[in-house]
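Consider the two complexes below, in which chain A is the common component and chain B and chain C are the respective partners.
Here is the complex of A and B:
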């Protein structure tokens, strides 16, 4: 917090859909966030090991590790960037109830059904990060 | 008379004539004493008397000592018979065939004619111009007057024959037909006797054989009387009388033979006479041993018949199963055995107190009340009743009038009750006998014995019919049940197929939704991002259109996802009053519907059992259906009614929503719950409303039924299972 410049909040977007990662990156970057993109759970896990993030926006249904598994792995990671409380916003196109229930045990900051309005996403992100900051 | 007595002389030729004419007189008398009141019997006797006079006269005429004496005998005795015989035969045909009404004039004319010719024989010289010697005696010549008499004679004979021929052709009853046939044939034979007239006209040496023809005639008539009960003669003929008549047939020739050939016998050598004596003795023995029992049997055949009929009847009953077969057989037996003019058979109808006529002939009463006094009496006494006994039997004292009325109204003579275990099953009613005689004791006994077998046969037959009926009924019920089950099965199968189809579609829809969501999210997000940056107004409009389109896609996808979702969590379920669900939907929609000139009538039960479900989902179902109803009305006309009801039925809580709109064509009924099936204009409906509703209701363990008639309207019924409470009902 000693840096002169206001530190940009770092958001990791995990989605296998490239048009979405691009779109969300654009949207969030325009809103002043620092956006990182992982195209699947594996990548996200790797990136989380190297960097620390303030928020993960994660798709649930993905090839390989799904959203819930990915987040669990990230949160339970060890190392200097590990954050067991890392906030997450799940976004989903369609999920069965079981997965949704599982997701809810991870206490996500939000759960958005695609497609959603930009406003909804941005306000949810802002809200989450504000909360998180105040928690700090 | 003294002259006549002096003229009496006999020759051997007279013997057969005397025998025959005596027999004829006997038979005539016999017929007469059977029923003196009967006109036909009397007329028959008069015929016999005429024939007898003719033959007796002839027997004395031929051997008369002088032609004058012979003519006197002919005029007084023989011609008296001859002149009346044809008229009598005609009269008999008129009386016996009951033609008196139309032919009495001719009959009277015939009698006057006969009288005229008889008297003219005495007064007119042209009747008998002279006598001549002929074979074995004197014989009169016929003059011109008697030639006219012969025309008259043949005319009336022919008329009688015509009466018989016409009656024979008209008669439908077989018995009567046979009677007429025999009588007619007999008279034709006797007509051959008129060959005796020939020598009276021209000299043609024909031996007088008239008596022989008449003998055959009388035997034929006698046979018809015995066998076919012609005229009013009871078939149980007085045995002694007939025995005497028949024995005389045998003994008279023998006696006459002895009388005339006694000289011959006396002169015979003793050995030969003893041989003749033994031969005669053996002849009599044979007669006594063989012929007499046969004759006895022949004339007692009636009694024998009744026993045989009873045995045969009992045997046959075993093989008769059908009611109509049985009735026909009973009627036939009664007719054949008792010669009654009608037989009515009444049988009790089920458990009702009435008797229904079951014989095929439909004249007279077709139904009797079992509560009639006389019928109740019959049921109690279980006895054959004949009309003649009503006045003399003390048992009828109290009900004489009712009993008489019963017999009179039905025109019957005998009533045979069929009683089984103290219960009257039916009645057999017999009319008059064709010979008008009363029923005799053996016949009543016969009926009395017959009725037990008949009663049991009817009882069996009715039971059989009842069993067949119940079997048929069971079959029908079973078939109906099978049909119903098949229908239910088909319905269940349809629902299963529908559910399966929807489940498949649900999975598919989930996949599709997911696939579409990503690009759609990209479109929407980017469109919104573009909107945030400054643009020309045209660009803004374009972007807005993209956003709008994307949002509509979003809506569709959201609905699809809702449809595809799996059963909800128990925690979300609550006790719901379906009436309140409907009420809240209507409260929300009523204003809108009324704006569109659609009236809503709601009959909502306030005491419905609760159902377990998700309130807003059920609201969605009702909303969907009501809005569909609105669309159905609006596409047909400007105004309409939506009738909403809630009620309970067969353990389910139901809500029915009925409109009077266009109705659903039958070919569409099976598709309306399919996702994306819509008949609405493009863009007006997604075709998901009913599919979602179906899914929701199914998830609640219920079902949606739809009934529709084209141009009349549609009714949707939502059925949800009642909430099963574990504890005591509140």
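Here is the complex of A and C:
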């Protein structure tokens, strides 16, 4: 008898740094997650409008919509994929103090520090998605 | 102008020295061009060499880091460059636009049409940068891509124009310069062909509509390519089918998963015998000027091997034998022309 198919947890990475998104998505895909990458806030909003995600990993500082604006818009979105509690991990490093402060009001599950926080990334993602599942 | 700036750059010097000498050299050039801004042409060749020299070092460093699996090193150098060095290269209309992204995303219709038109207007030092931007291999490739796709489209239309009506979709249509050129000098009667230009940006559609003023067979539709890609029932969004769907540049920004889903949905929108024509950047390491675009202009693209690019189409439902591969003249861009079989 075949094993029932387990739905892979879906993660949206929002960052315009190609090296970083490549590294992060490769690591997460290898760990069994289904990863989507958006290069900016607008693309992330379009993706979140069509797909439901279990977690967003988002850079705070981006051209156009910054990470805080992007997450606020995703969380307040309408439609069947709307999720006001959607967990977020912010990628930080070069954001200004005001934006960092604003980000903290969105109760992120954690922060990742640029350049590469690979070890932290995996443990933080696992921790966040386990917590989120147990809260369901 | 004194010729003392000649040979500032020694090819054996390290990156730090090259940047230092580049700065000194630019001070001299700027001083001279402040007095005679129209004489930029005297410095262009030397300027190109010096910039290429700096960015060639960055390119070699990145290649080395990737080969050794040390992406972190290149990332750190890039951040150092962005914070401390980039300002020294931030001149010229195009580079500043590219970095600031006034429309919120890279590769908007304005900068793409600037590249198509290739008519720098600035003077003095800014002109040196604008010329460098326009001469860069990636800008040349963008212009070649437009011409290549136009040729392919005309070829297709010539073969199929006996049909009652042909329906063409230009996805992520941007400025629609290609269609404007086609309509300005039509190789045959285009009246039985409907062109649908789809773009997520209202400003791009407005710009293109002005450019194509009077073309009654061109329609404009605002829609996000991501939405098209991820839509579970694409027919709800696009009830019509198309004979030819083409898309320039868009896949340079999408990861493989989104790209595959986009191709899958576009395939559904094709009529039997219809063609899907897509481009993607291929070779990053052919010219150091690409690093000027990425590190100074913060314009980053997703480069793919031919195998990875073809796999997107195969995973989306095309058979490998239905794919034809093409290349842009410099080998920087690759194209796939995929035919949907069936009756």
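Operating definition for what follows: the second predicted complex is superposed on the first by the 131 of 136 C-alpha atoms of A that agree within 3 Å, B and C clash if a C-alpha of one lies under 4 Å from a C-alpha of the other, contacts with A are read in each partner's own complex, and residues count from 1 in each chain.
Rule of thumb we're sticking to: a contact is a pair of C-beta atoms (placed from the backbone, for glycine too) under 8 Å apart; a residue touches a chain by one contact, two chains touch by 3 or more.
All of these numbers come straight from a predicted model, not from anything done at the bench.
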Superposed partners chain B and chain C on chain A - clash or fit: clash
Touching partner for A:19 - first (chain B), second (chain C), both, neither: both
Partner chain(s) touched by A:114 [first = chain B, second = chain C, both, neither]: both
Which of chain B and chain C A:47 touches, first, second, both or neither: second
Partner, of chain C and chain B, that touches more residues belonging to chain A: C
First (chain B), second (chain C), both or neither touched by A:97: first
First (chain B), second (chain C), both or neither touched by A:35: second
Which superposed partner A:61 touches (first chain B, second chain C, both, neither): first
Identified clashing stretch of chain B versus chain C [368-376, 404-412, 512-520 or 620-628]: 512-520
Footprint overlap on chain A, comparing chain B with chain C: 17, 19-20, 22-23, 93-94, 114-116
Complex contact set, residues of chain A against chain B: 17, 19-20, 22-24, 26-27, 30, 61, 93-94, 96-97, 113-119, 121
Residues of chain B defined as touching chain A within the complex: 510-511, 513-526, 528-529, 532, 550, 553-554, 557-558, 561, 564-566, 569
Parts of chain A lying in touch with chain C, wherever the complex brings them together: 16-23, 25, 34-43, 46-47, 49-51, 63-65, 93-94, 114-116
Contacting residues of chain C [partner chain A, same complex]: 71-72, 74-76, 78-79, 83, 100-101, 103-106, 200, 224, 226-227, 229-232, 253, 255, 257-258, 298, 300-302
